[in-house]
Amino acid sequence: MPQKLQTPIIIINFKTYTESTGQKAIELARSAEKVTRETGIQTAVAPQLAELATVTKAVKIPVFAQHIDSIKPGGYTGHVLADSVKEAGAVGTLINHSERQLKLSDIDEIVKITKEKDLISCVCANNPTISAAVATLEPDIIAIEPPELIGTGIPVSKAKPEVITDTVKLVRKVNSKVTILCGAGIGHGEDVAAALKLGTQGVLVASGIVKAKDPYTVIREFADASKR
Amino acid sequence: MPQKLQTPIIIINFKTYTESTGQKAIELARSAEKVTRETGIQTAVAPQLAELATVTKAVKIPVFAQHIDSIKPGGYTGHVLADSVKEAGAVGTLINHSERQLKLSDIDEIVKITKEKDLISCVCANNPTISAAVATLEPDIIAIEPPELIGTGIPVSKAKPEVITDTVKLVRKVNSKVTILCGAGIGHGEDVAAALKLGTQGVLVASGIVKAKDPYTVIREFADASKR
Amino acid sequence: MPQKLQTPIIIINFKTYTESTGQKAIELARSAEKVTRETGIQTAVAPQLAELATVTKAVKIPVFAQHIDSIKPGGYTGHVLADSVKEAGAVGTLINHSERQLKLSDIDEIVKITKEKDLISCVCANNPTISAAVATLEPDIIAIEPPELIGTGIPVSKAKPEVITDTVKLVRKVNSKVTILCGAGIGHGEDVAAALKLGTQGVLVASGIVKAKDPYTVIREFADASKR
Amino acid sequence: MPQKLQTPIIIINFKTYTESTGQKAIELARSAEKVTRETGIQTAVAPQLAELATVTKAVKIPVFAQHIDSIKPGGYTGHVLADSVKEAGAVGTLINHSERQLKLSDIDEIVKITKEKDLISCVCANNPTISAAVATLEPDIIAIEPPELIGTGIPVSKAKPEVITDTVKLVRKVNSKVTILCGAGIGHGEDVAAALKLGTQGVLVASGIVKAKDPYTVIREFADASKR
């Protein structure tokens, strides 16, 4: 992973908000790309599946899927095949987001599939213990997000710094290489700076940017804060 | 629905086969479009989500999603929002395919969402009883597919004609308008003709076309058989 | 069903409350039994699975499971086999409660299993449309419970009488025999009387009784109101 | 755990077989108890939930539930509350059996609940990687069972010894205390002896005993082989 994506990194999860659906997904991705061009700080976006192909065509920053299934090619109507997101131009995928939680055996299987297909895996975890469990599966990225703070505007890096430091400590015991991000409630540059200071290599952020009046300004603020 | 799609109709479910992933999805959709142009028989395709936008741009025949979730815009990472498939150009969606079965309350909710968003709903059902239950929810299309025949090449219309006639009978008791399709094992023109003779208005087909050596020829055979 | 259970009927769902766990489950079941003995009104109880055998031994009123799975005997660790609840003395089971919703095909399969095993099926439904869909599967009992009122103390029979009358109307169109119950927010005798007047044959009730200071008194009030 | 259960241990998973349902569950548990009395080797049984209370009353060996849910007391119809299995006399529970797989966050939560309630946790895992992930959650017992061998009669300890040795190695890297069992295909004393020699502290077994013509003889053979 480190060879593929530079850190610190800001990954923007588009979720299924109106503000990031259809044509708006492209605009949002372009704002992120602009910030990367201006600041040199790595940004990435995770739009909905139906917009994956159009977003990857529109921007040069890395694009993630929000989810893939633990399947190989075959008869799996309505599921998400790794090959299809890769052919659509995605470089990686979120896995096990707290809004799309998976069975442990599926997380294990999906991480293995991403390695085979040379996709970057970003596995989400709710708490430090789960982060450590995930770390043993050797994904490229772990994103710790306490679900109770998601979408609240109360930044994990300030409200629950111990969640981050505990995560870093427990994860590093079992995995020295994985990139660690944090998320939930991140809305200001200082939240990003705090996250980095606590030992993470970046943030996974959604509503703080997607639902902002001016997303570009917020992404730029995040990027500037990442330079410390 | 009848005002939106003409019958008889051949809906091709691309599933997650290698033969219908990426660029191949576009070729397959073009074969279906060619048959419709040549024969006047309605075809439609249901590619994977990541290919929805590129397929809808490439062809003029109706394109379905393979699945949408029972969600409104919001924080639902990794889920499929009706608005996103609609903005990608889809005119409808499969729902409750036997490989992606849903809770009853989700089927009810998704059918309601498709009505709001003016999308065509095609709800799949495993047997005649379930078809009748689905029919009370008033979707546009019901597709009866006995799961034990899916992918076998043993056509439901010949191996289990009573499944189709029972379905038509039970469904019509509670719903006089819904379009009824059948699927599973359909591989030859005569299977399609048999399905229509048993009271259906078309077929939902996957491997019989997707995995055929020459998909165009099979679709054409299906279309010719649909003219009776 | 009518030959098995008389109506009006009050079915008490014990859920997984502390007030209905362990020894307390037996006391609660005995209160219901006492009311039936005193008033002649049919009551029934649905304790947790781990207490099924002890409750059926302690009382003579009908005992339901809260859930069974769509399985036959075999290798299904952690699932609930119809045979096991029957051997534990249950006469029936709740199915698809809004807190334990099932795939449509599983509801269909479980109703069929209850018929084979001569168990009474009580399928729960969230709204009138879903109730009608369920009715086509021909269960013994349907219980309509708007999830937004469950546990609120706001009785469906008074707050949303049209949900009940619409359910009765839609269900009777497709099934003339099924017993119709309603639930959610039922806390007083007058709520039960209102439910019966709106066309139901009884109530499915949980917190209104389980969490009452004196459950016996509430069950008695319900039974008295059922006599009209 | 070591203070609660001695090792080597033979845990018999009753699953939902006819041969272990109802009265037969009690007989089977008594066979296990008899072997423990005769040989001093620890056996334990995991009957279905509806038989938990009767089995715990009938025997003195430890009894496990096959599954509990990640819930606290409340409105969770059809779910399995830790308190209820404890009040029914269980000393622990299987978690995440390959036939009842769970989301990672639920496994984490259930292990925490078992600690609070002083229940023994036995988390099942499909492969060495998943075993290591589970080990970081600090359950009392891990049972590695390759799903492809379950119920086959092909013993994991002989067919795939490297699965066991890899599991022991990966688990011990992150957890020095957890008891490690193996399962799948175990049918003879020599399979048990092989499992112990490979570094486990016992076996989790189902059909090899439950479906044996004479379960007592097989359990006795397992116990004798455990003495080495």
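Think of it as A, B, C and D in the order they're written, each chain with its own count starting at 1.
Here is the rule we use: a contact is a pair of C-beta atoms (placed from the backbone, for glycine too) under 8 Å apart; a residue touches a chain by one contact, two chains touch by 3 or more.
As the structure is a computational prediction, the values presented were derived from the model and not from experiment.
For the touching copies subunit B and subunit C, the fraction of interface residue numbers used by both exceeds half; the interface is of the same-residue type. The mean-CA centres of subunit B and subunit D are about 44 angstrom from one another, to the nearest whole unit. Centroids of subunit B and subunit C (each the mean of its C-alpha atoms) stand 37 Å apart.
Spacing of subunit C relative to subunit D, judged by their CA centroids, is 34 angstrom.
Those residues of subunit A in touch with two or more other chains are numbered 98.
Which chains touch which is summed up as A-B, A-D, B-C, C-D.
Looking at the complex, you find that subunit D touches subunit C at residues 13, 15-18, 21-23, 46, 48-54, 65-67, 71, 73-81, 83-85, 87-88, 90, 94, 97-100, 150-151, 206-207. Considering their complex, residues 96, 98, 101-105, 107-108, 125-127, 129-130, 132-137, 170, 173-174 of subunit A touch subunit D.
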